[in-house]
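Here subunit A shows up in two complexes: once beside subunit B, once beside subunit C.
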Partner chain A sequence: MAYSPLLEARGLTKRYGDTVALDALDLGVNSGEVYCLLGANGAGKSTAINCFLDFVRPDTGSALIGGSVVADDPIGTKQRLAYIPETVMLYGNLSAVENLEYFATLATGTRPARPDLLKHLITAGLTEVQADQRVGGFSKGMRQKVGIAIALAKGADVLLLDEPTSGLDPKASNEFHGLLGMLRAHGAAVLMATHDLFRAKESGTRVGIMKRGRKVAELRTDEIGHADLEQLYLQHMHD
Partner chain B sequence: MIATIAAKEFRELVRDGRFRWAAVVVGSLLIVAALAGWTAWRTQAQTRDAAQSTMQAMWFNQPAKNPHSAAHYGLWAFKPQMPLGFIDRGVDPYTGTASWLEAHRQNEFRFRPAMDATAAQRFGEWTTAGVLQLLVPLLIILLAHGAFAGERERGTLRQLASLGVPARTLLIGKAVGIGGAMGLLLVPVAAVGAALVMRDSGADGLFRLFALGGVYFAYFTLFLVLTLFVSARAASARGALIVLLSLWAWNGLVAPRLAADMARGVAPTPTARAFSADVQRSLANGVDGHSPASTRNRLLQDSLLAAHGVSHVDSLPFNYSGYSMQRGEEHANGVFDHHFGELWAQYAAQDRAQLAGAVVAPLVAVRQLSMAIAGTDFAQHRAFADAAESYRRLLNKAMNDAIADHAAPGQGFSYLGDSTLWAGVGPFEYEAPGLGRVLVAQAPSLLFVTAWLFALVVTVRRERRLSVL
Partner chain C sequence: MSFLTMLRFEWRVLRRERLLWVAVVFFGALGLYAASSGARFTAQQRLTIAELEQAHAQRRDSLGQLLGRLHAGDTSRRVSAFADPRSPAVVGRGLGAPYTILPPAALAPLAIGQRDVQPFWAQASTRTKQTFFVNDEIENPAVLVSGRLDLAFVILVVYPLIILALTFDAVAGERERGTLAIVLAQPVDPRRVLGAKLAARALLALALALGLTFVAVLLTGVSLGDPDTWLRLALWCAVIVVYGAFWFGISMAVNAARMSAAASAVSLLAAWLGVVVVLPAVAAAVVTVTHPSPSRIALTTRLREATDAASAKREDAMASFLLDHPAYIADASGGAPDPNVVSMALQDAAERVMAPEYAAFDAALDAQRDAAASFRFLSPALVTQAALLDLAGAGEARFRAYERQFDTYHAEWRDFFFSRTLSRRSLSPTDWDAIPMFRFAEESASALWRRLAPGLGMTLLLAMALAALGRRGLTAAAQAR
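Right, the complex of A and B next:
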């Protein structure tokens, strides 16, 4: 690689007592890439993502964003990043616009105008009516859309996604991945943990398969068919 | 960023029905307590003023009578009502607010409501200060204990942290926002207080109210920051609540009681019975215990007769009864100075020992400051007691001197004083210490409160990393 990746894990290792959550994980995600982390429950996908957010401090090794070590500069490395977990958690008694306004103001340091906020929410797939409703009654898919809008408002080019579409209906999931493709086309680097092999093959540019904290395989999605990816995954899960 | 966080915390709280209810309940309690306290205060102030002038008039309008009878007739000295006395009654219910000034004896204070009150009444009496010291911190805890822990449980804290907001900014923003919401409840209460104080006391009362407001502002800030800090550290909102309620009970209920008990242990005071028995013994036999009244009188007579070269007291150039009564009075004053001096010193030692409790519970210092600024603390009670006692001595000396100087030999008790003599003593006037002097005297308590704030700020500043998972 001629240039350093936007997202990089160098020998990330994390233990919880006897369990090894991460075992010398190395990976890099470049601008314009969607890197999908696959692996069974407990394989260490979330732990890896959390290291990039400084939610978890690795025992050894380091997570880097844009060349800076996250643990050394936890605030600075977050300036270009957006995080969408399995369920985007919002303030139930504030409306979608109010939530977005709050997060976007904190992220950028300036208060965006309402038309801009509405534009992001609509790009993310919400209607104008929904934008002014309190999010307390929002479905999971609607919350994920607000999450995307936050990423858009922040202008993030590093995305950390932890099973963002699990539990979404196929149409919502499809829309979500459509947006992801758009962000990638604009040069974002995306690291996404997922159990959805089909989506990984469709929207991912690369996949990494994890097992007990270690990366056991890594390949480009254009080198492999759907069936082969599933075959490979199951094979790794067995031995 | 701080303003954004504060605005959102404020908006969320104000939309929260629980907050609205709690604010209305606590706000009403405060206003009711202030109004009730003020009504009682005004009645008492009017009664006091009326009684004081009646007393003074009765003294001045005495018919011609023997000055010593006049001294026995005596008069009451009433402690003036302080501008903020209705907010914090301080030690008044325990020490009393009036003293009977008469010949031969320094009396204890009377009108002590606490003596007549049942335990239940004592507990049930909510003064404004009581609500400010206990209920408002409780409200702060209930409102703010989930500020971090609750967001962590709901998952919004991860969303916030992923934006790159420093933990300290978040904490300050939340403090400002929750503080602002508390302001919605406290500012009207302060306005009601200011209006009541303005009605009767003018500028001095307002300055005192500002000072008092400053003390409580510091106290609430302390609680708010402490609550946020515990919330940031706790594993769950429930856990934070349990820790904070324990700290609240410790600060508000347990520690002050322990500090008072400890202070009584360090500087014990005699029971009222034992004290007055001691005083009686010393009055009879002198402070040294070896000079009974008969000996003292014989010595006095002998020395006077020798000094003037006469053989009978009736031949002295002044009236012996008046002279010897003043000497007896001075003997008694020495006895009072000795015993009351010891007693006051013990009380002062208790106050100091008790204040040490502020190391583990800020309320101990806040309570002291609150009473002092309201003019109802023990030191100011003593200042009044001293002034009343000086007046009593002055009055007795004037009566005895009149007999000594003007009564015919052997006629000390048939000599009559008149209104010139009564008026010559002048009225009892007492000026309570001003706010400046009170604050200087309260330097240790102020230091404790400042130290608490400082310690908390340092702790918070060291908090770099927020646990979000």
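Right, the complex of A and C next:
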């Protein structure tokens, strides 16, 4: 292969008893790309993302990050990766800065200075006052911002997002995608599972539609309009 | 990220949790109350001992003065034959006799243990030794759950609960709250991070138990002048560490089993119940069946019968006694035999009959104690209990040592007075000063250590096996979602 995508799935297959969660899934996400995984509940989007985190070991096939097989080097491949699930759960009794300090230290092995931590939190959209507040009282949107700050502190160039904006109000969702655009502009490769077709078209560079563990369609977002994407999605869900 | 940094972070999180402070207050208050109860019990014993010693010193002084006057030929006062300090038979039977005292050990305030059922003093006498002590209680495992509240009990029963309460949801809780996913998305070995989460909590419990010991030692006035006491204290702490490691191992294995927090709480509680309550009770029940206590009452009855039989055949008893003590015959001046010698002869005859029964009785008790000791290996709680009690001098080992030393002393005492009775020597002031005194010789801490080592070693091995099992499981816990 001439180029190697930052994120790559090669024939990923995972079964749970009789359920096929992933069925020979192939995909690749390059630096500067936002790849949106679409599909009904239970289509296998989260399972795919979890394979990149070594939370799930595929039965066959492999997940690769920067050319390394995740299952062979789970710790090494996590070095450049950030994960933002639907709700970024943090230590409720600690402040945003303290949470970030812990995860950044876990991620980089060195303890960042407070000004650096504050800088990342502010870049992610929190105020300085909020940065010192207990995370226990944070809204979902504020938690996602701490998640982004972790990615920034880590200098991650591979982002795995599992429905990161579901449940966010439109403004928070908009802000989140703004940050995503910034990370992408810095060369990050983003894999995002989402049910939001509008956002997928807006901030995604490519979309893949999944059904029962298989990728049934894949296209560039600049080749298709909003209405056409919805049409295509519904068509795949029906047959 | 270094392990220590991970621990520090966990402590930061824990510090802000109410559970920790509830545990600290509960454990601390209970521990201090227990320590004060041990201190009160020990102070009471010391008071009794001081009173006994003072009473003896007074009697000894006044009898000694009387003896001096009589010896000097002062006949101004008539002395009853039963209170004559010159008579070796009378003094030997207990006139002004010293007490054989088992003093509380250096760390006594830390454990009451068996001490509330063990006699800790007796008076020296030429009488048959079997009549001195009545103590057939084997280590009673019910003491584990219903014994007097002392620090050893708190460590044995409550300390594991604190470890388990702090660690039971270290992994499951984070998984259920969702923080685990963010943690495990970082480039760290899950075994290390999760191990740190568990260790941080267990170390807190350990610090609490050790801290409590030190506070108890300071508050109860344990004197720390003797290096041997320091060694015992160090061993006490080592026992806490090893016992804690065992519970940490159990918690680690359960945490790694990928159960819900509620399920792991139930499993750990079941383990606690099994190790601290059920196994000890089973061990006790089995020992009671396989090695029933020999009856002290039956033995006393037999001794009375043997004494009666000897009195009935007084001539025979006298004849065989004289056969054994030809020196007495040699200078016997005829006439009626000394009643003191007759009573010696009767005691001798009775004890001759009883000797095999005593031996059988002691052997049965020893066998029972040995069986109880080997059953200890069933449960680390039993091993730990025995170790803590031994270190505080409240176990049965120290009492057995006291009994053995008492036996030796008793023989020495008898020899001293019987030989003088037989040679018809009255006691002189020099003799008076040479009357044997009892002084309990404490087992050295290093000898104690050799005795405790196998049990502690086994517990430590068990802890390591459990922790290794848990460590393996923690890797899988990273994938369990």
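The criterion applied here is as follows: the second predicted complex is superposed on the first by the 238 of 239 C-alpha atoms of A that agree within 3 Å, B and C clash if a C-alpha of one lies under 4 Å from a C-alpha of the other, contacts with A are read in each partner's own complex, and residues count from 1 in each chain.
Operating definition for what follows: a contact is a pair of C-beta atoms (placed from the backbone, for glycine too) under 8 Å apart; a residue touches a chain by one contact, two chains touch by 3 or more.
Quick caveat, the model's predicted, so the values are computed rather than measured.
In the model built by aligning both structures on subunit A, subunit B clashes with subunit C. Within the superposed three-chain model, A:Tyr83 lies in touch with subunit B and with subunit C [touch as defined at top]. When both complexes are overlaid on chain A, the residue A:Pro170 reaches neither subunit B nor subunit C.
When the two structures are aligned on the shared chain, A:Gly17 is found in touch with neither subunit B nor subunit C. Once the two complexes are laid over each other on the shared chain, residue contacts for A:Thr105 go to subunit B and to subunit C alike.
The intersection of subunit A residues touching subunit B with those touching subunit C, taken from the two complexes, comprises 50, 53-56, 74-79, 81-83, 85, 87-91, 93-94, 98, 102-103, 105-107, 109, 111, 150, 160.
On the side of subunit A, the complex with subunit C involves touching residues 50, 53-57, 74-79, 81-83, 85, 87-91, 93-94, 98, 102-103, 105-107, 109, 111, 147, 150, 160.
Touching subunit A in their complex are the following residues of subunit B: 1, 4-5, 8, 11-12, 15-16, 154-156, 158-166, 465, 468-469. Those residues of subunit C lying in contact with subunit A across their complex are 1, 5-6, 9, 12-13, 16-17, 177-179, 181-189, 193, 478-479, 481.
If you check the complex, the residues on subunit A that touch subunit B are 50, 53-56, 74-79, 81-83, 85, 87-91, 93-94, 98, 102-103, 105-107, 109, 111, 150, 154, 160.
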